[in-house]
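Shared chain: chain A. Partners: chain B in the first complex, chain C in the second.
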Partner chain A sequence: MPITFPHFGSLTYVFEVVLRELQRKDILFPKKPSKKTSELGSRHSPEFVCTPFKMTLGTFIEMLDEGATELGMGGGNAYCRFGYYWPVQKMILEDLGYDNFRYIMLDFLHPLRIWKVLKEESNGCSYLQTLRAFRIAWIKNRYTDLVDKMLYKYRALELEKGLSEKIANQAFRLVVETEGLRNIKKLEKKVIDLFEQNVPIREEKDPLKIVISGEIYVVLEPSLNVDVHRKLNELGVIVESTPTLRSFIDVGHKLNPFITMHHQIARKTAQPYLQHRCGGEAQENIGEMIIYKNKGWDGMVHLYPFTCMPEIITRSIAPQVSREHDMPILSLVVDEHTGEAGFQTRLEAFVDLLKRRKMETN
Partner chain B sequence: MTEAEEKYYLGVDVGSISTNVALINEEREVVKSVYIRTEGKPIQSVQKGIQLMREKLGKHYEIAGAGATGSARRLTGVLIGADIVRNEITAHALASLNERTDIQTIIEIGGQDSKIIIIRNGVAVDFAMNTVCAAGTGSFLDQQARRLNVPIEEFGDCALKSDNAVAIAGRCTVFAESDMVHKQQLGHSTNDIIKGLSEALVRNYLNNVGKGKEILPPVMFQGGVAANLGIKESFEKTFGYKVIIPKNYDVMGAIGAAILAQETMRKISGESKFYGWDIPDQKFNSRGFECDGCPNVCEIVEIRQNNELIARWGSRCGKWDDLEAESPIKA
Partner chain C sequence: MKEKHFSEKISSIGKTENKRKKTALRVGFPRSLLYYKFHVLWTVFFETLGAEVIVSPPTNKEIKDVSVKSAPDEDCYSTKLYFGHVLYLKDKVDYLFIPRFSSDHKTDISCPKFIGLAEVLRSMFPDLPPILMPYYSKAKDGHGNIRLIRIAFSLGFKFTRNPFRILHSFVKSFRRFKQYHDDLYISEDELRRWERNEFVFNKTISTTNKTNPFKIALVGHSYVINDSYSSLSIKEMLLAEKVEIITSEQLPRSVIEHQMSKLDFNMYFRYEREILGTVMHFLENETVDGILQLIVFSCGPDSIGGEMASRFSRRKQNVPLLQLTLDELTSESGVTTRLEAFLDLIERRKKLKENEIICP
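Right after this comes the complex of A and B.
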């Protein structure tokens, strides 16, 4: 029974890891979403549903045609429409005539439920073995996040164009292939070394730094956000993305009383502006604006899919935070109609603005 | 009238509706400017713009730097051999600051986009562009003028003649149009409708583009729509103070590009890459094809100068950016 899952930026590697650890041999890797994927998804989706719904639906249609029968997908009682993704997609797929498939729903807000589902879907693993697999996945997620972070820094400063991306691919493979907890824990140093030793970078005194926040799928999946990270990197700007799946699945750090995870700090920082979690990453994003300002970053690009409910809330609070904390914020709406040219103009203008601002203050 | 040794900078701004060319001197004063319609043919209009400039001035002006901006900036940059290619927001901000240093807000309404740029202490600190909708831009006014059979040049004056604006829904171009037709059928005068339309456009602009922005005087209003006195009056009525329209309101983007060229040349101090005044005599053509390398099916565009490939873009993966790669279309 071939199993597949949505293509989700660097998290695709984490999904691969967990399935491998569960001894699944029949993994069908999702294709990178292309124009065809988004066309397929949009054609069969309700018009005003959020873009990640359309993209994942498109991916699933493509993969069902390739022979997948099990579709792994997040769900549960989420704060926003995300919880309804899979039941609605299921109905759409059934209407389209697909009958030999089933959804595997992972309730991302409840690790215990993930554990149970993972055991059921594993290839004969016990609860203990499943827990071990899940644990390896969340630990490896820390390192895929790290590779992303290194890539977004080195690509901005690299001397040989395209080199850091090559190294990043090597690093991702390394993270996926490494076995044994002891070796895995050494990955942090290995990943950093890989970049430091292989990618020559230019010396720049004070490069521009922009944080990218927003809805997690849009921020992490480059084929949906028209590769904003790369566009900014090419303008010589170091970037960092804040949303991470670890805020949900990294049980190790969550249970550790000595570690406060970044998203927890962000939620707390957002308190004066937004007291409630209203889904997505709304509260975190508000917090990040202030956190990154205090860290000395120059600005924020805020990405969200058209009609995303939680991020519309962020968007309307952002101007006030921006004013009170003197943090420039550029909000960009992404959907399947997004024109690359318009994005490029806005990003260039934003970077220009930040550069001139910086020149003025120095 | 000038010595040949003096340096001049050329700025070209190719937008959706108009193509503007401006020539400035070392003191950033406008020597000459040209405003023509793009009419969907950016290559021809760049050539025509430079040709008109050449006719007005003669060939003896030495260009020390050239800049390109506007939505066709990349194409323009290749055609004229620009030293700098920059986005129109930066260009507009620079041109306005050059006009008056104490400006705090810039309103720019062009053919298909509208922007607001917030400036504090001479530095742009925030900007916004219309996002998902083009209602309330120049093209919309253009179309409605044609509908009402009023030349666009007289549109503003008609609005000024009315003192009883008709309420028109300005949220969406299509709805505004049906609302307008409805008001026409009820027998409202054309002038009142035009005034209503101007107010709807201003309302739409402030609610969409200007949302959440702190608009402080002095406000500068530029772009093609600034020629419309009706819109200017509506802005003034809303703000409660005068808005400034610069002398060269319609070519501010080109002036900004020229200033950027001057800044760049000062920094790098070398020869300009500008091709020269014979650009209009060259034969440029562009052709496109669809790459079938992956499911993205990117649309690739090739620009040729006298049949020689000078630029190619459009691929997501970047494989066609290499000019050595063999083109699937024969020259």
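Right after this comes the complex of A and C.
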């Protein structure tokens, strides 16, 4: 019974880790979504559903054709329509004539339910072994996030083009393949060393820094956001993306009373503008603007899929926050028709604007 | 002489009323979105408190033009209209009442936009009057009756200092709200009798007529069905065509819950349950001649519910389903044409069915 899951940026490695730890041998790795994937997905999707739905549906159709039978997907009552992805996709796939498949639904808001489902789907693991696998996954997720962060920094300043990406791939493999908790805990230093020793960077005084936030799938999946991170890096801008799956699955940090997770601070910061959580990363993104302004970052790029319900709220409130905190923001809508050239022009203009602002303030 | 005295008395009454009204604070309800679900509750509550309730007029062209111009361009059509209603009320009220309502059920929620709407408006139009925005969410924050009473008091003290008056209006409004629901929802027994053609809702149809009228289930959000401008007065059009309508609002809750229990997942959008439940009920029982679903463009829950409805109807093809997507650019003539075609289709199907019965 080959199992597969949607391609999800660097989180693909985390999913791989979980399945390996659960002793699954029949993992079918998802293909990187291409133009064909999005076309396939949007052909069979409802008209104005959000873009991640179309993308994941396209991926699943491609993977079912390759012989996958178990489809892992998030779900649960998540304020927005994300929880309906799997029932509707199931219906669509059934109508398309696929019959030998089933969905594995992971309610990402409730770690206990994830634990239970993982146990059922594992290759004969006990509850304790499953918990261990899950724990390793959330710990490794911290390091995949770290690799992302390092990559987005080093790619902007690298001397030899393409080197940091090569190193990042090495680092990802290192994170995935490291075994034993003791070794895993050492990964942080290893990853940082790997970048520091191997990627020569140019000395630049005070480079531009832009934070990328928005809906988690769009921010993390480069094939959907036409690789905004790389585009900004190539313009010599250091970027950092804020949404992370750890805000849901990192139970270790959640239970630790001495650690306040970043998204909690962000939610608290956003209170004067948006008091209650309304799904997606709406509240976090507003808080993020203020936090990163105070950290001295230059601007923010806000990405969200077309018709995303919570992010439209962010987008409508963002101008006020931007005005009051003097933080430039660029909101970009992503859908299956998004063109690279359009994004490139807008990003270049935004970066130019930030550069001029910086020159004036200096 | 007597008459004069009487008229003076009347005018003096009017004067005192005017004086009282001048001091009464005015609360504005935009006639859009949740207003159509909760108008009885809110109106009774604020009126008993002694506030003057001002409701924006039913959507008209002016309001639509303002909303399309001022609202974020990606919001759904109904949310856009909300902006127009709010801007209409802007200078006419002391308070705007825009609750941040998430859910009144243990697990089911409503559209996330309802939570953010008040804050979005405050942020986009800083010159709005103060907005009353109580937050209530049973599903996500476990709010219960105590929270409701706290909301009532925090709202009430803005209008009166008498706590008993607040409590009175709280109890009265909820009693009237329950009464309103009892009147709105038909019972299962009534539904069965309606399905057997024993009575009709449409008063223009004479019951003595032997041929049964067309029966159409009109399905959609209550803020679409009841807003005749945004739904291009489809309801009125059907009523004038002597079509018997049942709406998704009216259906007994037990029927909807029964249909929802057949799904292998929890349909957690509260108002989408109503819509999908109605569609599924009539697809299963085949007691109506057609189902007409009104979808608002770029509505999140509808994109899911509409797709499910269309796929269910494709699997069970005995009752035709027409889905109309409405937005600010929809033309009335286009809708009329499709509606007429739909009615013709129903008529032909009906005739075919009758012929089959006569000569099988």
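Things to note:
Convention: the second predicted complex is superposed on the first by the 362 of 362 C-alpha atoms of A that agree within 3 Å, B and C clash if a C-alpha of one lies under 4 Å from a C-alpha of the other, contacts with A are read in each partner's own complex, and residues count from 1 in each chain.
Here, a contact is a pair of C-beta atoms (placed from the backbone, for glycine too) under 8 Å apart; a residue touches a chain by one contact, two chains touch by 3 or more.
Nothing here was measured: the structure is a model prediction, and the numbers come from that model.
Steric overlap between chain B and chain C is absent once the structures are superposed on chain A; the two fit side by side.
By the touch criterion defined above, A:V333 lies against chain B and chain C together after alignment on the C-alpha atoms of chain A. Touch criterion met: A:T345 reaches chain B, while chain C stays clear of it. Of the two partner chains placed by superposition, A:W115 touches none, neither chain B nor chain C.
In the superposition on chain A, A:K35 makes contact with chain B only, while chain C stays out of contact range.
Shared-chain residue A:F306: touches chain B and chain C both. Touched residues of chain A were counted for both chain B and chain C, and C has more of them.
With both structures placed on the common chain, the touch criterion links A:Y98 to neither chain B nor chain C. Rounded to the nearest 10, the superposed model shows the Cα centres of chain B and chain C diverging by 80 degrees about the centre of chain A. Of the two partner chains placed by the overlay, only chain C lies in contact with A:E47; chain B stays clear of it. Once chain A of one complex is fitted onto chain A of the other, the partner contacts of A:H276 are limited to chain C, with no touch recorded for chain B.
Taking all C-alpha atoms of chain B against all those of chain C in the superposed arrangement, the shortest distance found is 5 Å. Residues 306, 316, 319, 333 of chain A lie at the contact with chain B in one complex and at the contact with chain C in the other.
For chain A in complex with chain C, the residues that touch the partner chain are 45-50, 75, 77, 79-81, 83-84, 86-88, 91-92, 95, 105, 273-280, 282, 306-307, 309-310, 312-313, 315-317, 319-320, 333.
The part of chain A that touches chain B in the complex is made up of residues 31, 34-37, 227, 306, 316, 319, 322-323, 328, 333, 341-342, 344-346, 348-350, 352-353, 356-357, 360.
If you check the complex, the residues on chain B that touch chain A are 71, 86-90, 121-127, 129, 131-132, 212-214, 294-297, 316. Contacts from chain C toward chain A in the complex involve residues 72, 74-75, 100, 102, 107-109, 111-113, 115-116, 119-120, 123-124, 126, 135, 137, 139-141, 263-269, 297-301, 303-304, 306-308, 311, 314-315, 325.
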